[in-house]
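One chain, chain A, links the two complexes that follow: it is found with chain B in the first and with chain C in the second.
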Partner chain A sequence: MLRLLRQAPLSAKIGIAIVFLNIFAAIFAPIIAPYEETSIVGDVWEVFSGKFYLGTDHIGRDLFTRMMFGARNTIILAFITTFLSFLVGSTLGFIAAVKGSWTDNILSRIIDIIMAFPTLIFALMILSVMGSSVPTLIFTIAILDSTRVYRLSRAVAMDIEVMEFVEAARLRGEGLWWLMRHEILPNAMPPLMAEFGLRFCFVFLFIASLSFLGLGLQPPLADWGGMVRENAGAITFGIYTPLIPAGAIALLTVGVNLIVDWFLHLSSGLHE
Partner chain B sequence: MKNVLILISKRSIASLLTLFIVSVIIFIGVELLPGDVAETVLGQSATPETVEAFRKELKLDLPPHTRYVAWLKGFVHGDFGNSLANGRPVFELIGWRLSNTLFLAFTTSLIAIPLAICLGMLAALYRNSLFDKFISITTLSFISFPEFFIAYILIAIFSVQLGIFPSLAVIEKHMSFGAKIYAILLPSLTLTCVVTAHMMRQTRAAIINVLASAYIEMAEIKGINRLRIIVHHAFPNSLSPVINVIAVNIAYLIVGVVIVEVVFVYPGLGQLLVDSVAKRDLPVVQASGLIFSFIFIFLNLAADVLSMLSNPKLRQSEI
Partner chain C sequence: MKNLLEIKNLYIEAYYDEQWQPIVRNINLHLKRGEVLGLIGESGAGKSTIGLAAMGFTRQGCRLASGSINLDGTEIKDASAAELKAIRGSKIAYVAQSAAASFNPSHKVIKQYAEAPVHHGLMGYEEAEEEAIELYRRLFLPTPEKIGYRYPHELSGGQLQRSMVAMAMSCKPDIIVFDEPTTALDVTTQIEVLAAVKEITKKMNKAALYITHDLAVVAQVAHRIMVLRNGRLVEEGETCELLENPKEKYTRELLNVRSTRQEKNNSDEMGIILNIKKVSATYTGQENVLDDIDLVVSKGQTVALVGESGSGKSTLARVITGLLPATRGSVTFLGKELPLQLRKREKEDLRRMQMIYQMPDTALNPRQTVRKVIGRPIEFYFGIKGREKDEKIRELLEKIELDPDSYINRMTTELSGGEKQRICIARALAAEPELIICDEVTSALDQLVAEGLLDLLQDLQNKTNVSYLFITHDLATVKAIADKIVIMLKGRIVEQGEKAEVLSPPHHEYTDKLLASVPEMDPNWLDNLLASRASAFI
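Entry: the complex of A and B
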């Protein structure tokens, strides 16, 4: 594993460093951060200083503290959502591939219809009806995103499903769940892992966008998209505070993308 | 040709069906409200009498399917009901904003499509060169950046540092065409960055894919210069995926405008939708959601039909 890391190309190493930095910030936020998440400690939009490493935000909270807690809230939320999306999407995809016939048909048609909606519009409509809360947010995005996971896992499972070892297991009389867990899942893991990275990026950007629109995590909780929104007014005065959380979002997505690229490269066997 | 017609009509019917189901979902979505619209809007101060009266006014006392038919009928005739927030007809609110959104999307595609195709061809021509690598890294980062990040960077450069473009896209009905273009230049540039990145990568991939075929090698052996090979031999054959990706990206553009409109406070449909979601002004949300979905589904249909028409293989296949 370590050897593999050492051999990784520079781009992948940068990606890994970025992701680790973010995870570190997310885990140790309460320890690193000099102030409380929501406490007002200074003036409005103070500049960088030894007291406030990244200055202060629109009501005088320490931006560095908010960034740390923002990493925590945003990344955890995105991770849970992606995980849920994979749980739903790949389970349904595998079922569709193994069962085939009408189960596959019905599931695929339903997914087609959900995919015919523009994602952002669908999410906005659901949030307008249900109101914005963390569980609604997680479920809405997970369901919308699971359609993409479904497509991929169904396609991958279709390829595996025709292999002899699945046929053999089937003749042994193994049930649906056994087939999915012991035959399909282990073989579908590499493409699904790469997809997990990509979906995480997508979900992460999506949550950030919703928060930016004021419909994601609600204040006073810190999250990067919301912080861009709160501080947006500063930019017209030549204060670049909103670029910091926006840049952090961009940096993390680029980092994950770099790792995914490396992973795809590895699993395609091109490195030989 | 008959095959194509059958294929296209099948695809169109499927789209119509999807649109119908989408409209039902949008309609039912509102029905799922805990309590109903009347209680939500009137809030806690509502007495049973006012709720009852409000229900009558919104015709909530009729059975759902009757209301659905009435809603859809109104929609087709351009009557979207009244906004709950200010009582004005939704049609009035939407008309002008929809035209603004379409104007922004149209201007952007006029810049983005030729740019993406040219860059894609150049990247394919000089593939694996420094130029290609530079383009590929730039586009990859534009794809992974959130739209508002690009937007704020552009604002920071062009309106704060250089002071040549306004940071707010203010647009009025009586403005001249040139003034309008000037006002929407920054939002449109933001969208161009995002969309061009996607389209350019696909164009490059599609052309490189074709470059591997035997007739390209033949053309190379004949000594035709490389630019001519790409423009005359490779590009026409990669047209089908390219057209598809363009249409899909325009569909994305229509929806992607939401964020950019909010950043630049541009009076478009996306901004209206976001505002209405925050206010829970459901008739406006329903109407604008349906319009967005309609455009999105239509453009996706166009993408499929165009790629069927431009791909001889698809024309012959029996489905």
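Entry: the complex of A and C
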């Protein structure tokens, strides 16, 4: 593992550094952050200073503190959501590939129906009916995202399913669980891992855009998308504040994608 | 006559274990116009590496370390990329092992032929087409005027390989490197390609390097033979001379591999274990791939199922195992009629019938260790776990002649082809079966490795009295291992019986053709065969 890391290209190392920085901030936010997440400590939209490293936001909260807590809320939320969507999506995808015929048809058509709705509109609909709590948020996005994961894992599993070692396991009389867990999953891991990174970014951006529309995490919880929205007005006055959370979103997305590229490269078997 | 190609003191190195290590050592080689030089050896002997080096090319991670490669007066070793580009195709051309994989599936064959000469500016497209048709005719392709206007998937393997040869000829090179051009073909199609190779070298006065692992094949086309092993020259000589009195032990081994095993006194008295009656099967629902098959396998017996590709051999195996349920007929195994579908069969019946596949690479999960591959059937069928399972795995590894300590924890990707196939055998044996279906188990392996594997199978049969249903297109294997022979053509059985009976005349017309197509260690065999077939047509 360490050796693999050492051999990683520079771009991947940069990506890993960015992600680690974010995770570090998320975990240690309560310890490092100079102020409370929601306490008002200064004037509105103050500039950089020794007191407020990144200035203050639209009601005078410390932006640096809010950024760290925002990382905490958003990244953890995005991670749980992506994990859930992979659990559901890949399980269903593998079942469809292994079982084939009717099971595959029924599952695939249901997924098609869900995919026919634009994601954002579907999410807005559910969230405005069910109310925007953290569990509904996770659940809604995970279900919507699992359709994409289903597509990929079904396709990957189909390729593996025709291999003779799967046939050998079938001839042995192995059940569905063994085929999925021991024959298919280990071989489907590289593309799924890479997809996990990408999906993580999408979920992250999705939560950010839902927050921007007012249906994501609710104030006064800090999250990056919400922070962009709250401070958006400042742009008109030439104040940089909303650019900081927006930049953080961009940076994390780029970081994760750099790692994903590296994974894709490894799993494609090109070792140049 | 002056040498077209002259390689002197060639060393080629590969980069592994973090340093450059030689994989080809001190090779000297020369080739005159009209001459065919055969390079022979098992895989890893460096034959392809030398063949590619003659074109100034090395695979990734390799380099031409020292020595010289002189092609018709030009030193290739230090040539620039532009010089090499001009030489390749026009002076020296390459025919790869798998033509099917080398053609672009979405262009017509003749268009791909014309690409190189048009690109090199030798002729216009129409002129190239005319030349292609002429070459197709000379290479005995059917309907030469039309065949080029088909897509690669519309041609058979042998036809593709011959159009590949034509393609290599398109820029009129002086030397052609044939890299195992017939290895992937069955015996009847192999003849077509060999005849084409012979035509080119003889009548068109080209020189050729012919790379193969099959001594009988190279004996047909080559004037001289170089035997290679581990990147070194073992022996070199004129074909007849080398075949008649080989000096080195390794060459003699290569010559002797096709020995037959001792005759076993066998009959059906031991009891029938597999009885197939009137079985038909189809993939599409309309056309039958198998038609009215009757087949019997007795205890401790090896039944060889022979036929060319597409004859339905593997389909029959799928029907017996239940992967493809038969549309008609019955499969009786150990006195009990089995359900035709796999999922309706009982675990105990599945245990008693095991299968070994053609491609050990795809038959083993690349993400599992040897321990898991062999251990699973033991655990699954007998419920044995922990230390006891471990001991069983070690026992099985010893049975297949692999050292338990060094193999048990390896990933399946860390094994060679022959070792992988041995692991597949161990996996089948772990279930303690009564019948093992072997689907072309040796055809992806080198001659010596295959021979070792056949010996092992034979040995295991003597010890455990297991029966084999041995599917193959290689009659040499059949002669070596079978008790009974069943010959299939187009989904039907054309002849079956005891080995001696089927192999001795009179036999069915198709059996005759199959038998006659197996190359023999006689340099004149191909010429005689072609002459006799030609006279039969007139």
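Following the convention adopted for this analysis, the second predicted complex is superposed on the first by the 271 of 272 C-alpha atoms of A that agree within 3 Å, B and C clash if a C-alpha of one lies under 4 Å from a C-alpha of the other, contacts with A are read in each partner's own complex, and residues count from 1 in each chain.
One rule holds for everything that comes next: a contact is a pair of C-beta atoms (placed from the backbone, for glycine too) under 8 Å apart; a residue touches a chain by one contact, two chains touch by 3 or more.
Predicted model, so just to flag it, every value in this text is computed and none were measured.
In this superposed model built on chain A, chain B and chain C occupy separate space and fit side by side. In the superposed model, the vertex angle chain B-chain A-chain C (Cα centres) comes to 90 degrees (nearest 10). Within the superposed three-chain model, A:117 lies in touch with chain B and out of touch with chain C [touch as defined at top]. In the superposition on chain A, contact is made by A:183 with chain C only, not with chain B.
In the superposed model, A:101 lies in contact with neither chain B nor chain C. Residue by residue along chain A, chain B and chain C are tallied for touches, and B comes out ahead.
When the two structures are aligned on the shared chain, A:250 is found in touch with chain B, with no touch to chain C. Of the two partner chains placed by the overlay, only chain B lies in contact with A:125; chain C stays clear of it. When the two structures are aligned on their common chain, the gap between the nearest CA atoms of chain B and chain C comes to 5 Å. Once both structures are placed on chain A, no chain A residue is touched by chain B and, in the other complex, by chain C.
In the complex of the two chains, the chain B residues touching chain A come out as 18, 21-22, 25-26, 29-30, 32-33, 140-141, 144-149, 152-153, 155-156, 159-161, 167, 251, 254-255, 258-259, 262-263, 273-274, 276-278, 280, 282, 285-286, 289, 292-293, 296-297, 300. On the chain A side of its complex with chain C, the touching residues are 163-165, 167-168, 170-174, 182-183, 186-187, 189. Within the complex formed with chain B, the residues of chain A that make contact are 112-113, 116-121, 124-131, 201, 205, 208-209, 212-215, 225, 228, 232, 235-236, 238, 240, 242-243, 246-247, 249-250, 253-254, 257.
The touching residues of chain C, counted against chain A in their complex, run 321, 323, 342, 345, 347, 350-351, 354-355, 357, 359, 362-368, 372, 376-377, 380-381, 427, 431.
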